[in-house]
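Chain nomenclature is as follows: A, B, C and D, assigned in order of appearance, with residue numbering initiated at 1 for each chain independently.
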Amino acid sequence: METTIKVLEKVKLRKPILVEGLPGIGNVGRVAAGYLVSELKMKRFAELYSPHFLPLVIIHDDSVAQVLRCEFYYYKGKENDIIVLTGDTQSISPEGHYDVCEKVLDFCEKLGVKRIVTLGGFAEGKIVEEPKVIGAVTDKKLIKTYGHLGIDFGKQQPVGTIVGASGLLIGLGKIRGMDGICLMGETLGLPLLTDPKAADKVLQALAKMLNLRMDLNKLEKIIKEMEEKIKKTEKIHKKILEELPKSKEDIKYIG
Amino acid sequence: METTIKVLEKVKLRKPILVEGLPGIGNVGRVAAGYLVSELKMKRFAELYSPHFLPLVIIHDDSVAQVLRCEFYYYKGKENDIIVLTGDTQSISPEGHYDVCEKVLDFCEKLGVKRIVTLGGFAEGKIVEEPKVIGAVTDKKLIKTYGHLGIDFGKQQPVGTIVGASGLLIGLGKIRGMDGICLMGETLGLPLLTDPKAADKVLQALAKMLNLRMDLNKLEKIIKEMEEKIKKTEKIHKKILEELPKSKEDIKYIG
Amino acid sequence: METTIKVLEKVKLRKPILVEGLPGIGNVGRVAAGYLVSELKMKRFAELYSPHFLPLVIIHDDSVAQVLRCEFYYYKGKENDIIVLTGDTQSISPEGHYDVCEKVLDFCEKLGVKRIVTLGGFAEGKIVEEPKVIGAVTDKKLIKTYGHLGIDFGKQQPVGTIVGASGLLIGLGKIRGMDGICLMGETLGLPLLTDPKAADKVLQALAKMLNLRMDLNKLEKIIKEMEEKIKKTEKIHKKILEELPKSKEDIKYIG
Amino acid sequence: METTIKVLEKVKLRKPILVEGLPGIGNVGRVAAGYLVSELKMKRFAELYSPHFLPLVIIHDDSVAQVLRCEFYYYKGKENDIIVLTGDTQSISPEGHYDVCEKVLDFCEKLGVKRIVTLGGFAEGKIVEEPKVIGAVTDKKLIKTYGHLGIDFGKQQPVGTIVGASGLLIGLGKIRGMDGICLMGETLGLPLLTDPKAADKVLQALAKMLNLRMDLNKLEKIIKEMEEKIKKTEKIHKKILEELPKSKEDIKYIG
């Protein structure tokens, strides 16, 4: 079995931008992406299955089994259409991360994606009263483009590495000539502890960046709705964290 | 080497239903499937070999070596023919689980399978006086179909995830448009401890579901006959359990 | 990179029998195979390289680097020609074991091999004064064929599983219709401790089986000559043992 | 995703020699290769990406994300052109090491490479006042060729194995008929501690071997310039070391 993307609806998108938010530190990316999907009433149009995910089904609605998967949603915007990639899990092996990200990029390249925004949390290791949004880009020119959005581009907060999909998608996209930016909300960084505050900050920056009008007041409500699923996949994410580099510094950013 | 299915006999089956019972918690699935094969005098028609199994041979009959394998049996039923998938082992790697299950589904799809029933044990972590049969389905409509069989569809017993073949077969089958139901007999859940009582309950539910007349009184006898093989593969299953997610909750269901 | 066999000399062999002796418990198989190669002045005609071996070169003759490999030798016999497979290492991953063994069988099938004899040690866990040779076969009929050679076919010594090439080669060969027998010399079974006594017994049985006249008195001398190489690959075999199933019983036989 | 080499400039090279220096013990190979690139003002003409590297991006220049990669540089020499292979990382899995090295050899074979020089450190486990350069070759005849350069070919310092790219490149190159030599500078061998003294000795031997005039006095300066990158990839190399054989002797040479 290979990583496969099952297309549910053939879509034509105008200058689409990929926004990725998968489970990771503080669940920041996943929660932010989930809010976007819900608030913009985005439509699911493709699903990604992979042998690099844990070999299990999740039971939802009491008794309905569902293989782990990621999902693609789309939204028709003014200037740019938006694709959101979110889901239950990331790959559990290093090779798997590369494989899944390349499959996502193949798919998005065909849809015309030229810009990728990845969302995640940045583990501070301590409680952060006023979380900032830290940015990393694939090209220095993008710092100018996004300089007015209040994102901290490494001046105050040096990031060493970005592990997982949020890093690889922009890094591998760059090789294909795509622009990439990763937005990381500062968070305590205890594994599996969802941080709505950091997600809120990331969503604010993203809304400005994509010129989206969104009511961010429903975030807590949406997180509550996602809670059951988040709880069920907790163990899955724990497993993923276990497989990745162990040193304290290494897990500062996984998204 | 790839996972391969060696066909021993070309068969034409009428509306066949796949019943899977492989080693797992309480050996419930494997013992139940083994009873079915023995009681219905089913005929072996295919064997599955995989590089994702442990690299060893089992010695049976004192000195005869046999590579680990799974086996397909068939039975000519009234309305539906039945295929049973059982065997020595499950895959020892996450990717392997996906690979083996996809190969099984490819094979069964060609044989015309449209419904899959997987059998296993559900680890309660305590002794269960009156084990129930817990069910998970791929589609809510199936709860109605099987609602009269006394299966608990999650109302009293919430299942989080189903790890391994019993989960993946129905989950991946669903993507291909197959219906799937997983029957789990409540059991203590000590690894490698065969539980005939849970197997009995699962077989009762299965017999009703498939409209089969079976004498379930010989179960203890059959288990005794299987004992030598069960003992020899104990270490193999221990190894598989070691490879899978470690947290206590995670191993509640592996089948 | 795939597992590849580099042919040094194209040979035509008459009813060839494959004899395998690779590093394992007591180094019994490897030492016995090495003795055969030396005593019969066998000629190397092929080499096997694999990405499933450890990623390193051994330095021999003070400063000459050599990638880990297995080697094929041939001997022109009276009734049957003999192929010996020996080498530095076995695979370090479960999937690798299957891959390497399948490649060996593909190669040998083309050369006309219909019978496989694998050699190894059987770990008793205690010092054995008079080591027996224990046998496992792929078909009961072979017990009759080899019944007169003083091999113990499981009556006194029950073997549960045979891990690694000695098991898989005969097990996977059986699926292709090849006959297989595994000869295991009883040994203490401390990892990495070469046991000449067990190797001697295995060679005696093998000589009778293949109708070979061999002077077995030079065994100690040959082992001394092999010592440097054995020492250099000790760490490699330790690594392999670490990767395989851990329980005490499991490592009773790896060859 | 496969290991891929992205060619930035099509080059025609005259009798090119491959010089490899990747991260490893004492960072000797990487630092020496980096010095060569800087001092000879070599030009980058290809990049290697691989799913066998850690799944992450490094952030450099405060906020610019870059996928882990290796790089090829070239220099137009008098008799021989020189290709340098250096980079952020080596493979993190055994199979990956083989895969990456084979891809490098495929690429270099097409460019006409017939000789490979790999650079690294040899862990002494104690402080070395006057580090020697230890050599390993793929063919005894090469000892004569390089005998006058003051390299110790194992007489005083027996090397058991060479783990990783420095070993595999010459070992696998030998199978393709390429000559190979590995130069190892004696060093303390604490993981992740860069040793300029050992790198200096290796560079001296290399300069003589390749008939290069180089000012080696800027080595400390160059190392300082490389420091930021070295620090960021420290964790990555730690991870690689963790994946490789554990025993003290085994990590004597990884390069």
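Following the convention adopted for this analysis, contacts are C-beta pairs under 8 Å (C-beta built on N, C-alpha and C of every residue); 3 or more make two chains touch, one makes a residue touch a chain.
It should be emphasised that the depicted structure is a prediction, and the values quoted were computed from it without experimental measurement.
*Asks:* Spelling it out: a chain qualifies if it touches subunit A and also touches subunit D; which chains qualify?
*Replies:* A chain counts here if it touches both subunit A and subunit D, and no chain qualifies.
*Asks:* Along the shortest chain of touching chains, how many steps lie between subunit B and subunit C?
*Replies:* Tracing touching chains, the least step count from subunit B to subunit C comes to 1.
*Asks:* Report the chain whose mean Cα position is at the greatest distance from that of subunit C.
*Replies:* Comparing chain centres, A lies farthest from subunit C.
*Asks:* Same or different for subunit A and subunit B, where same means more than half of the interface numbers show up on both copies?
*Replies:* different
*Asks:* Which whole number of Å gives the spacing of the CA centres of subunit A and subunit C?
*Replies:* Distance between chain centres: 51 Å.
*Asks:* Express in whole angstrom the distance between the two chain centres, defined as the mean CA positions of subunit C and subunit D.
*Replies:* 36
*Asks:* Spell out, as numbers or ranges, the residues of subunit D touching 2 or more other chains.
*Replies:* There are none in subunit D.
*Asks:* Go through the chains and record each pair that touches.
*Replies:* A-B, A-D, B-C, C-D
*Asks:* Touching subunit B in the complex: which residues of subunit C?
*Replies:* 91, 94-95, 97-99, 101-102, 135-140, 143, 153-155, 158-164, 167-168, 170-172, 174-175, 180, 182, 245, 247, 249-250
*Asks:* Within the complex, which stretch of subunit B touches subunit C?
*Replies:* The contact residues of subunit B facing subunit C are 1, 6, 49-59, 61-67, 92-93, 96, 232, 235-236, 238-239.
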